[in-house]
Amino acid sequence: MIIVFKKNATEGQIKTLEGELRAIGLGIHESIGEHSRLIGLIGDVSRVDIDQLQANDFIEEIKRISEPYKKANRKFHPEDTVIEAAGVQIGGGSFTVMAGPCSVESEAQIVQVAKDVKASGAAFLRGGAFKPRTSPYSFQGLRGEGLHLLQTARSATGLPIVTEIMNTEDLPLFEDVDIIQVGARNMQNFELLKALGKLGKPVLLKRGLSATIEEWLMSAEYIMAGGNEKVILCERGIRTFETSMRNTLDISAVPMVKAKSHLPVVVDPSHAAGIAWMVEPLAMAAIAAGADGLMIEVHNDPKHALSDGAQSLTPARFDELMTKIRPTVEFFGKKIG
Amino acid sequence: MIIVFKKNATEGQIKTLEGELRAIGLGIHESIGEHSRLIGLIGDVSRVDIDQLQANDFIEEIKRISEPYKKANRKFHPEDTVIEAAGVQIGGGSFTVMAGPCSVESEAQIVQVAKDVKASGAAFLRGGAFKPRTSPYSFQGLRGEGLHLLQTARSATGLPIVTEIMNTEDLPLFEDVDIIQVGARNMQNFELLKALGKLGKPVLLKRGLSATIEEWLMSAEYIMAGGNEKVILCERGIRTFETSMRNTLDISAVPMVKAKSHLPVVVDPSHAAGIAWMVEPLAMAAIAAGADGLMIEVHNDPKHALSDGAQSLTPARFDELMTKIRPTVEFFGKKIG
Amino acid sequence: MIIVFKKNATEGQIKTLEGELRAIGLGIHESIGEHSRLIGLIGDVSRVDIDQLQANDFIEEIKRISEPYKKANRKFHPEDTVIEAAGVQIGGGSFTVMAGPCSVESEAQIVQVAKDVKASGAAFLRGGAFKPRTSPYSFQGLRGEGLHLLQTARSATGLPIVTEIMNTEDLPLFEDVDIIQVGARNMQNFELLKALGKLGKPVLLKRGLSATIEEWLMSAEYIMAGGNEKVILCERGIRTFETSMRNTLDISAVPMVKAKSHLPVVVDPSHAAGIAWMVEPLAMAAIAAGADGLMIEVHNDPKHALSDGAQSLTPARFDELMTKIRPTVEFFGKKIG
Amino acid sequence: MIIVFKKNATEGQIKTLEGELRAIGLGIHESIGEHSRLIGLIGDVSRVDIDQLQANDFIEEIKRISEPYKKANRKFHPEDTVIEAAGVQIGGGSFTVMAGPCSVESEAQIVQVAKDVKASGAAFLRGGAFKPRTSPYSFQGLRGEGLHLLQTARSATGLPIVTEIMNTEDLPLFEDVDIIQVGARNMQNFELLKALGKLGKPVLLKRGLSATIEEWLMSAEYIMAGGNEKVILCERGIRTFETSMRNTLDISAVPMVKAKSHLPVVVDPSHAAGIAWMVEPLAMAAIAAGADGLMIEVHNDPKHALSDGAQSLTPARFDELMTKIRPTVEFFGKKIG
């Protein structure tokens, strides 16, 4: 960490601050330039609160050198993390496809979609029971009943399930879920992250609409700091000025996160684009950029879907897509898991 | 609502859809142009799920004409809403200043700041007990104990309190809080919004970092749809590409929200800029643009604040600011409440 | 085009406007809803100036149905455009790699890089003679002398050249350039676009940092409206809130532009990321998403490059990349041109 | 400037680099931390090209301490710059209102608007002769003829004129213009900036749609580096995700630019919002935030304006606004100039 002083900082102010920093065990390197004076801090700067420091009005700027996340940081954990969920390996050369409807709507629907996506080669069934909807007047999900139907579909097909949690109070209902998903709007619901940190269950953490990669990794760190290191990251598009798609898929986030962290990264092309026909090219781009998996919306009757119909594929269209995904994954050196 | 068809839409597809729409009570106006064919829907389109419609691949585009929010909409409620909290009126010509530290740290601290900001003219004491922090390693707030200390400060000064909730499970602890704040990161924590909709207590709803004004009003609608119409909106800066400030204060949101909604709007210049010296010019701009109040961070010892020191004013600096706020509010035709 | 009236619009105002619109040859469809009244315009609405209409204060909103670009629009030109430059085909199944240094620095440098990238399989030599630099104190390019050196490199290798123009006054110098590039910062330099519209030479049009896809296609339309239909689009990353990369590659723009327009689209992964190690994964993603080519920065001595060293590949690294690009392009069904 | 090395940087690499930096006259301060090793550079780092440095793959990160602009920097020029144009002072306590139509359309129009805005108290007549329009099919301005009509209006009223240039080739036509405007889309048209740097005439430099404050000041630096220090900055809204306004007025840019630079800053609320009724609250906010002036669109017949009618005020509405601007400017301690 580097602290740059203002021109009018007094010797006394600087010396007092240096004393306080030494008192918490840090080494200090001074550097006096023509136009600026600064110090570099040596040691474990995680104990330094930048907020506090910045309130010293003789400080011009504080620059952090090292990343603020540790458990999620590849520097301290060079090997890829491989997460096992219901016997399926995620990351480390496996490529995992999670597919299913935006919302669970009925037993007939979810069981049928589960059979279809399994037949096409999906490794997980996704489906929303608790639905975060922008409008209070939109369908809010079947909630507990929806979780129950997902389990029915799992029994019928053997496909493990991934579904979204929205509130810590619902945690007991998620005991029999294989991967718990945290949605984009809850990426910084820190109480929820802390609660998930106490579980032994894999968590799929979607990136927030306007979250930087560093903030996203800090949210993973919240879960990991609690003791649960089974975090799968999911890039699903960010909010930009462009309006022709629902969101802008940040494809660069895939290699960047894999460079900065050891956690697996999957891509959700359905939410990224919000348009069914664009799922295929974005899925191909995700594989090519090094993603560890895909999360794709599939609905048996998109026109009558209770949510996100516009971006859902029919089972037939998904099957066709899987015939392209399979060789592409192999071409890029991974194995469909 | 207008539905534009693709060129290759068949007569049969269009007629089937029109039949379905008529069946839910809507009128249909057809319009056949040279390059496009479209229909206008007449009646209560809130029953139409755009997601479902968009899954029809013969539809090119759907354009909404009316806003998706009702209870928050000025069209259906032309008069300004005035909210009373602990005997103080917010909105409708009153100008309300809420001030206090980012975090409650100790009894001595919060009681002292409460006395100071009251003496300077603040109408509410703000202070965080539950703190949403980007890093799990940062101070997380005194939680329940912090709420207790806020009540102590209220007893000592008579100042009503406003403080942030992060989780529905903590709701019982907030029974004796005057205004419950929903932070930017929880603006779309829909379960929390629904729970707050069942209370009779005023809610201060901060705008999310990347929330459009429409999404912000939809979150207000969530609370109001539950029966609680006491919603105060708070603009606190949005995330943009500009990095010289913490956030970009969207000053235009003040007149825009006041045009679209009848709810009062306050501005938080402390979080918007993240820099203490910028609080004054942004506070002045907020008053000039028509805001109904300000939320300002004040700390007795910013250099040793456990959070947000860089943007906090000292009580002396806040007092000086209030001597400018008071005549400015009057100049622009409101009254300090 | 649809015009929605305000609630308080009078019969007289609406009728007068309808008369004016009929007078310019448009048909009118009226639609009167419960909460809104609107008209749809039928015929060639390109004669309608939305700006003018919006000044009528009894109009609530105007919604365009058809795209404002014609010559660039795939609707009116369903076949892919194939552009020939110096005997090389761009688009329509060909995949074109353009490579070379950010700036032309010396004859030795540019001739050597030209030989290297040709040996590795590039079809065009790129290199900047006129350089748009953020700082007036940075190297501004060799200008006319740089163009001359590019021609020398072309003579030495046979590689056609693509280089950036910044000002209409320099046009005479570009007569012997094979493809003229318009940089991101000049995407809406309309005088320059108009001048290029009068040439018969291919133009590579980079997307502006904050240009929507529609604005980008409108800039292509400027060139095409002048008579020059040889426009190659180049996605090079957009500006967002994310700061860990120089720009955010908008990979979705590739399939979206190819759906909306018939023009070829190449991707510049060097500028998109600004980091040499990220060029490979982004290049792979671009091929997978359907791009028609790549523009890649290659420098014989990146550490001593006068600009953009951080994102340049060495010739050896580029050669290695080409051994991956070649089979990938074939895997996705295109041919290296 | 601080250079942080990667963990695997060798002693040899670091020593070689230090030698090269010392050779260009810089001092070096080494700092070796637990997790990082870095050096601070002392002396005139404007000779260091960050691009070049970053190409050294043993460098982790380079952090600049001082701003890259000098002539525009308040640190080296603490006093406010006051610019005189046609005898009117801009900056330094004066408040300047520039008003007029988006486009010059006819002699009758521009002379009438000039008379009207002068009567209401404007100090400059604005009006576009060369118009940057997104569509090639929109009205492109009267060009040379428009400049001539502006001069006619100046003769008729005595009001000095400010108008936009789009291309260096048109410079000779601008000899008799009082302030030359550079539009948002040309903020980084560096050839144009360099040409304007050679004039003795004031330049009004609008901020680009996605330009950071630093980039904006670097564009001012381009003009000033050429010898022309008469630069007036104009904030006119930036591009964000919010779509209910045309742009998002970055009100914080006013105090931030005034802190970082000594140049005067005016605000254009007409372009910022794109909506006539929002001009007033944004104008008030701009005055309150410390702006040195306003640029406002006024048209005698907005409904029939050839561009930007939706955001133009009628002369009557502008006159009413001026009756509010005048006391507000005085309230905030400036004088209408």
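Labels for the chains are A, B, C and D, by order of writing; each one numbers its residues from 1.
FYI, a residue touches a chain if its C-beta (ideal position, glycine included) is under 8 Å from a C-beta of that chain, and two chains touch if they have at least 3 such contacts.
What you are looking at is a predicted structure, and each value in this text was computed from that prediction instead of being measured.
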Between A-D and C-D, the pair joined by more C-beta contacts: C-D
Furthest chain, CA centroid comparison against chain D: A
Cα-centroid distance, chain A relative to chain D, in whole angstrom: 39
Centre-to-centre distance between chain C and chain A (centres being mean Cα positions), rounded to whole Å: 32
Rounded Å distance, chain C centre to chain D centre (Cα mean): 26
Residue numbers of chain D (touch at least two other chains): 210, 239-241, 243
Contact footprint of chain B on chain D as seen in their complex: 210, 212-214, 238, 240-245, 248-256, 259, 272-273, 277-278, 281-282, 284-290, 328, 331-332
Residues of chain D touching chain C in the complex: 46, 49, 51-57, 68, 130, 132-140, 166-170, 185-186, 188-194, 209-210, 215, 218, 221-222, 225-226, 239, 276, 299, 302-310, 312
Chain D-touching residues of chain A, taken from the complex the two chains share: 2, 4, 7, 27, 29-36, 38, 40-44, 61, 63, 65-66, 75, 210, 239-241, 243
